[in-house]
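Look at the two complexes coming up: chain A is in both, with chain B in one and chain C in the other.
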Partner chain A sequence: MSIQLLISGISLGAVYALVAVGFAVVFSVMKFSNFAHGGMISACAYAAFYFQRAFTPPPPIYITILFSAAFGVLLSLVIDTIAYRRLRTKQSPNIYYFLASITMSILIVNFLTIFYGKNLYAFPPIFSSTTFHIGSIRFSSMDTLILLISLGILAILVFFIDKTRVGLAIRSVAINPQVSKLMGINPDVTIMTVFAIAGALAGISGVLLAMKLSVYPTLGSQMMIKGFVASVIGGLGSLSGAIIAAIFLGIFEIFLTFYLGSLSTPIVLFGAMLVFLAVRPSGIAGRFAQEKV
Partner chain B sequence: MADNIIEIRDMKVKYGVHEAVHGVCMDIAEGAITAIIGSNGAGKTTIINALSGTVRREGEIHYKGKPLTPKAHRVVHEGIVQVPEGRRIFPGLSVEENLLLGAYTIRDRKLIEKLLKDQFRIFPRLEERRKQDAGTLSGGEQQMLAISRGLMSNPRVLMLDEPSLGLAPVIVDDVFKHIQRIRDEGVTVILVEQNAKKSLCTCDYSYVIENGRKVMEGKGQDLLRNDEVNRVYLGADRDCQWDPMQDTPQ
Partner chain C sequence: MTAYQLSLVMLACISVITVSGVFTMTSLAGMFSLGQAAYMSICAYLTFVLARYLDWPIWFTAILGLLASGLVAFIISLPALKLRRDYFALLSVGFGEMVGAIVILLGKWTNAAVGFSKIPKVNGLVWIVLGITVLIVFMVRNLKYSRFGRMAIALKTDEIAARSFGINVYRLKVKIYVIASIIAGVGGICFGLRNRVIAPDSFDWSLSAEMQILLFFGGTNSLSGSAVSAASLKVLPELLKGVKLFGMELQDFKTIIYCVLIILIINFRTKGLMGEQEFSLAPIKKLAKKLNRQHKKEIAK
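On to the complex of A and B.
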């Protein structure tokens, strides 16, 4: 029993981690919480849903994920262009970004509601059987697939940020954009790269959430709150902190739901976040996050 | 004497309505050390920031005979690199990552490896600490790292803003020796300093800036003997007791 719960919790946590990391990567460079991320996740979920349905037989799931990631990149760059770029050139204070990102998220959710209504669309099933066995233990096919994809994507992302030239440039712009220019880095390009990464992550988590839950306009905003909690607990702007916090959050949530029911779980979760903020406001990653603010 | 690699003509810089540099002309000779000296607030940093493209400028800057791009990151790709005042290394990144950022404009991995080895040969300290957080280095080590980071781009022109600021006297001597070694390897150096005496002893040519204007120029040795320069910047003590040439190998 508890092994299945654990897998299911880690799987949920891994999706939260994708969301949290999309948040954290933008925060680390731009120093604002990109609340449009939730809207992007919803939009990508719809895009993936219609893409999957447009073909008979439906395309393999990895093609849909790639499509959704590409759609997310495009959408994220469009949002950056219309909502944030002008704020950057004017060097506006953070509150403007906050307002712009909330506005974009609400706009997207409203558009989706106007066009598609509030109905839930079930994502076409991709497995013939919802569970499989290893030995005597039963696993959910969906949870396992989501877990593998999420962890794979997170590993690629961490490698990219830690080990590549572009990743290093992103970290330097996060620390000091002015000095980064003196290295020959164009911070504008770096910022666009960061938004592209966030968009791809929104696209991937959009498909995974659609498969796991179903498609509806506020899907992304609900998940974003969890991702936001994880990125706050992890230490705003810290990728590794966000990943660790998100996975614990997922496990915590699944076990709480199992033992307390789904009604009281959010209260405990947000209570835990408040306690965490009071005890350790810099998050798990402490030192790293402090340098960024 | 070599040709001028940079020619600055009637350059002005404004911060809002306040003009900080009023129409300066300067020539920077290739392969030489050109010092820009002057008191605090004279406009020295502003001048090299204008060259770097981090502040907006009016007037003309020619580099290798062509107009210099005003975009900061492009200037680095063109081979002009600034080591900023106060070192500005990246805390939270390791020493090695700081150096690799210096080589951001270089795609050739072999060349990056070679440049990294060069820096480690000159400053074995940096190699010992290559995995350490650069923010934990001492002031002198951070200055060495900042200069090395600048050299990692394999520059034609290296601009150093107050490299001796806040360093112990022994370390200051090391820094000036290192600057001459850089020049001897063929890199053009622009040295901004308040430490007028050491700069004049070290440089080939110097400009004196006051209140955003060039007030004097000449060879380092000539300015050292100039009464006006002595009165304002050097006090009574006009001899180069410290002669960096004695310590330079060759």
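On to the complex of A and C.
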């Protein structure tokens, strides 16, 4: 039984990791927590849902995922243009970014609620049977697919950030935008790249969450809180820390829900987070989180 | 005035109370919290549930509720305020979720998600609420101009510089957080008395976010500006009731209108509508003096 729980915990954690990394990648460069990420996830889930329904027979799932990722990139760039660009040119304090991102998130959720209602839409099933067995352990096909996709995407992302020239540019802008400008890096383009990456991640996690749960306006905001928790515990701005923390969070949550019930889970989770941050305020990785004097 | 207009006045007052609570925290000390609605919830639930089950008078349980929300704020703030501002904002979201979960968990007394509706009726409520609002705004104004307020503004502008001037930053933050939470509690009690029903859903993080939006709209550094924006933006959707545009009820678009307004404000007038200015009586006094002088001249002639 506990192996079963462990596996579904890891699968949940993998989705949280996608969300958390979307946060962390924006945080590492812009130094603010992009709350609009939750709204983007919901919007992408709706886009994917209507895309999937628009064709008969429905397109294969990887096409939907690609479409949703593209939609996420577009949406993310639009949000960047209308909410953050002027703040950036004016070099406003962080708190305004924070407010702008919360506003964008609420805006998207309300937009979806008004035009599509609060109803839950179920994503059409992709597998003929929902579970399969290996030995005596039962695997949920959906969870396994989600786990594989998330891990694949995360691996690609880590490779991209660590090994390519664009990734190097992102890392240097994260450390110091002014100096990286002197090194011939265009910070504006780099920041747009970062938002595009976050948008693609939001698109992918939107589809995966829609398949796992269902499509409704606050889907993203709920996940956003979990992703945010994971990225903070991992050390804001650190990708590997966020991934590890997200997987732990998923496992922790599944075990808590199993033993305590879903009602007391947020209480224990909050308490654990409080204790953890009191003991280690900079998170698991704790590199970027240090404030400079 | 009709009952509907009275309830609108109360709505505006409650909004002013809660926003001045957020003002103490965000504008004076620069802390950004998304959990203030949770303190409204704690205080309102304690007040009305105790009044119902122990048959204590409501003013007494209200005091207990306020003390309790102050105490909870104190306990939460001890570890939380040692953290960075981002983490603090996150913790406040988590805290809001936790309070909602506790309310549902204690469903035997709080009636869980359905909402607690056994709230006594108070006569002449609108005058009480108006009085409380004036009192709270006056208090926060005094706080802003006191030594304490100046310390807080120094802390907001530059934490390290404030520390080097001998300000105990941590203690100051804890104090301000407790004050802000108690003010939020007052707002919660008024909210309960006006609506006569409280549910965990009505105190979720979007309410806290709305408070921040109202504050920033009016001007982060202007108490009068944010109070005016809190009252007017809160009542605005009610005036849109029944207005139709392109076959859609404009009232449904309430939150979208808020959001578009705040995005415009952030982009084009970052400091908020009023900026640093306060509404003051000075120009009116000047005018009165001038008129008085003219009047005297005329008499002398």
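Everything that follows uses one rule, which is that the second predicted complex is superposed on the first by the 287 of 293 C-alpha atoms of A that agree within 3 Å, B and C clash if a C-alpha of one lies under 4 Å from a C-alpha of the other, contacts with A are read in each partner's own complex, and residues count from 1 in each chain.
Criterion: contacts are C-beta pairs under 8 Å (C-beta built on N, C-alpha and C of every residue); 3 or more make two chains touch, one makes a residue touch a chain.
Predicted model, so just to flag it, every value in this text is computed and none were measured.
Taken together through their common chain A, the two structures put chain B and chain C side by side without a clash.
The larger set of touched chain A residues comes from C, when the choice is between chain B and chain C. Using the contact criterion defined above for the overlaid structures, shared-chain residue A:92 touches chain C, although it does not reach chain B.
In the superposition on chain A, A:277 contacts chain C only, with no contact to chain B.
In the superposed pair of complexes, A:123 makes contact with neither chain B nor chain C.
In the superposition on chain A, no contact is made by A:216 with either chain B or chain C.
In this overlay, which is a superposition and not a single complex, chain B and chain C have their closest Cα atoms 20 Å apart.
Of the residues of chain A, those at positions 291 touch chain B in one of the two structures and chain C in the other.
By the touch rule above, chain A contacts chain B in their complex via residues 165, 168-169, 171-172, 175-176, 178-187, 288, 291.
Chain B meets chain A in the complex at residues 52-54, 71-73, 76-77, 81-82, 84, 88, 90-93, 97, 100-102, 104-105, 149, 153. The touching residues of chain A, when paired with chain C in their complex, are 32-33, 82-83, 86-87, 90, 92, 94-96, 98-100, 102-104, 106-107, 110-111, 114, 225, 228-229, 232, 236, 263-267, 269-271, 273-275, 277-278, 281, 289, 291, 293. Per the touch definition, chain C reaches chain A in the complex via residues 26, 30, 32, 34, 76, 79-80, 82-87, 89-91, 93-95, 97-98, 100-102, 104-105, 160, 206, 209, 212-213, 216, 252-253, 255-256, 258-260, 262-263, 266-268, 270.
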